[in-house]
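Written below as structure tokens is the structure these notes are about.
Read from first to last, the chains carry the letters A, B, C, D, E and F; within each, the first residue is number 1.
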């Protein structure tokens, strides 16, 4: 099965991180994984959730949304429906955990950073793009706090990025687009740090159950893809 | 009181309409009034609300949303709060009425067009930008229906645009930005057709009540501003 | 087109303000614009919203409701539906703004007055009756505060009243009833102070867009109607 | 303990039923038990709930609401809170059961009658006034259906009325007002038919548990009170 | 009409109270009235509702729920529906009142006890089983507070139990199962203390209104049934 | 770090599946993983979701809930809060996917089976117990459909079970209890079929990111644990 535009099974779609796209946010990044576009903003608030008051620790959370016509056919607005779907909640919990995994929560005082990931256009992999772009927005917000003297060092231990993999017609593939995703036998998401360690692994059979060896092969691909993403993040952040 | 960047009291901010920004929507437009950026998409659905079934008439509605960090400080997500604010509902009802006022509802069969206006960045005038950009997205969706042979003519009688005016420190001004808006003594929004007629007039005292003559002066400004917006819409739509 | 009961196009329906209709409320008024009946109560609370704490300023808000069978056919109860409609929220925001526009918010301490406008029977013009009757209830509540020594003077700069106008079969008419309203080409609401200044102007095309001259003519009618309403308010309040 | 205005322990407060108070409803009644005023409307709908479709039977339900300032201090609007309280639901279920108990549900076709009981002013006994006034509104709606030829006979087997009783400082009392109710050791509500049978009995200890003999004595009072209410209902309905 | 398994009209179904069924709760009891099984837990919280802060008094409330397949056919989960039904709220208010009626609220400091009654399997009488089992859980929670030295005496004046009665085919019966309940002409619930006094009486005609004598007969049965329940409670609690 | 009761790092807690615990459900199972107790019922409904109408395919979904005092300290009831938490939705989606992965959806007509998993007592691993017990309830429901002649064969391809693993103080451990779970550096859940294939893998760093080798070691443990669970399921179902 040839991939779109002759992409190899172990190749990412074209990836870009455009920084500072918001006039207001402390950090912001428009991330593109092919036709999947996510606007990520990081907002610093001078207050932590009640369970952290007095702890001298900060907190990082994420929220996720999708514009109604980000999708092929229009999806009803969650604000109109009166609640966030289970899928939305699952994704924003995942993004939050991923970002907290690389953040030194004792390194920026009793502050909360809220990372909003809003999908402007969807073509598969919105959650992995959100994590990868959310990290860039978060970094920029901390850089801002450093620039104004609130923190001395950026309280991030390493980078974090995420990518999806899948088995499509028997072939393990990296970074599925929507069309591939809807045909995949197995669908997996991997969250990986800048030094190649695992933060989260989620693999699910869409049809028949899968073999341990298939998980291993997808993990190989994911580590390769995340390494590339981390390089692109660093370039966007102008880190040496 | 000098305006930002030496803008005259009867001048619009820089305005742009960028068309076809969405891979999926039948019509789409990114509209900018200065630093106010609204992504407008028009989605065609093959079904009308129940009160129109069997009527051979179509319907046009609008929905409005704001990304959490479109604003100076972060605003809570309406989907998380579980309901749309009164302000949101007021705006989306206004946008819908404005678009229906220029649409021949008997001219595109029993179809519904949903125009989504999502504010990516806010700096005053989000509702007037939504109407002005929403019209462009709606036009493009009808153009698409014409291209695929669903309609013979574009069922729009004329264009529609909208602009805000205000009295700031005693001076009637066109197209207020957020800073001006928050200082204005009177705040008004005008929805005007391509042939200079009125669709909607909304003026409100923010502080002291105002004089009839002030309303007249703001109306002068609005007609001028909307005429300019209609020219820009036509240019974006490549109409002669 | 003759109006019901031979009413002239510039004539109000029979209007009455009956004061002190509630045993419990600090101020109350049953207002009738023809067959539109609204029960208005003003409740004083010894607490302001959080954004005003410590400001030495008070606040005035309004809430609006309609009994299920106030209308020709029964309308579902908003409490059962679990939320207030966009229309309800739009009206109660309008009533609140109108009342605050004539209130000296620094003149009655850190207190909130909540004006409830509940439509017992509807026949067009419920929002304008709510503003006009809500003002009377608010005045009475402040009179009560003065009587018990809480304020020295009634913190109202002037009166406020509101009326609807419309273009019905080409004729500008004052104070539309439900039947006229449903046929009107243009529908407008005007909020006017006791000294003839404008607080809010809202005009909307129901069908074809309208001319500036039509707005002018409706404004003439509205100023006449509101002047009459203010006289009736003063009589009900036994002001010289 | 003397009652207000020298009322005897077995005396009702002044009771009135004013019929046809709504321009729109098929049946309506403003009922007063002293300072408790409830507006009752009966609305006929040409559709039954789904569980009765095809059954040739009709249905009667009730809804209950209280204006925010019906009470001594203002109560938040249930529509704003987004849900009806447990108390509201309990009362409207009670009113519905009481009305259905005397209605021949097979006597008016597949129609639903919704009886809305809205408390304009509360001073104890709002649920018993609602049942008593709701019956009058329901009767009038059926009379309307008879007048227009939809039913041949009024499908009500007998009247229904309700009254509260209580033990106040050891004395069994009929028809408690709010002040008595808040001091009562036992509080009970009785729903009784026109021929003196029981539809519903609800008695609850507010403080110490009570004796069977006390329940008996309250039942004596309730039967007396309901007999008087049924006479007043008949007079209001101009029945011989 | 013979009852199931030859049960006499004045006989309870087999009743059991199994204590300490929860590893976590301060007090717990699995109560069975025949095939009706309710898991009751009592949770002590070191905080009272705001209206009691500073009063040196405690509070007892109850919540009620039913597993989706506790019933003959599956019932939708209230958490998924987004609200508790009127029936649920009515029952949990009843259980709370019943437990508070025998509790010395000034006898355990500013603490709240929440008694959760969750129906694992339903066959009629779930509210009366909840009260009877809830009392046992509450007693055990107080016993726990005594054991750890928080209170010196168990702050309960007497026991409380509840049972349903009904008139089935003209015969007054004690403790109806679901099948009997659905056929009953009259349905009543009685809440009775350990010393035979009444806490709450609720009787309702399901079909034709009923006679006073029938209420009396049901009361006889209820007092007998509750006396038996109180003995079973004492046995389960190992009280002499 | 010794485990409770001397449990080996690769040992499950005592596991039991008690079948047919519900009088009403088509299939039911009380599953215990140590002190974690989950009541699972499978309810057959003669209707599929709208997206499957006319497809001749059935559907299997799961819902998950927790009794308020299943946990160490009481958790608020989701029905009272008015919505299901993100965690609840995430779990019930997982359980549904796991059960569908082994079900032949074309093998039981247009029917839906709803598997309710209600946690009576929680001590870690409630989602894995729910999947494992939910499978048994589902099997029994299908057995019931076979017994009454609705299906010829049980439409399940193989069994499915699930278990959690974690790295606790550096040691990979099988089937964590609550205390271990709260200390674990890595927490993972594995859903495995009766023939040892993977349905879902979810691993997350709770603190520091983890190594690929650790994921491998946890997978070894999970395959061992699930094989034991499948044996216990077969024994409970009396399969050879």
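A few remarks follow.
Simple rule for what comes next: contacts are C-beta pairs under 8 Å (C-beta built on N, C-alpha and C of every residue); 3 or more make two chains touch, one makes a residue touch a chain.
On a predicted model such as this, the values are computed, not experimentally measured, just so you know.
Listed by label, the chains touching chain B and chain E alike form an empty list. When the contact pairs of C-D are matched by residue number against A-F, B-C or A-B, over half are shared only with A-B. Relative to the C-alpha centre of chain D, the farthest chain centre belongs to A. Shared residue numbers account for over half of those found at the interface formed by chain A and chain B, and the copies are therefore classed as meeting with the same residues.
Each chain gets a centre from the mean of its Cα atoms; for chain D and chain E, those two points are 28 Å apart.
Between the Cα centres of chain C and chain E there is a gap of 51 Å.
Each chain gets one centre point, the mean of its Cα atoms, and the points for chain E and chain F are 33 Å apart.
For chain C, residues touching at least two other chains, in rising order: 82-84. In terms of inter-chain touching, the protein chains here make up one closed cycle, each touching precisely two others.
Order of chains round the closed ring, starting at chain C and going on to chain D, comes out as C, D, E, F, A, B. Of all residues in chain D, only 22-25, 28, 35, 39, 41, 43, 45, 63, 65, 67-74, 77-84, 88, 114, 116, 118, 120-121, 123 touch chain C in the complex they form.
Interface residues of chain F, counted against chain A in their complex, comprise 83, 86-87, 89-90, 92-93, 97, 101-102, 188, 193, 195, 197-205, 208-212, 215, 219.
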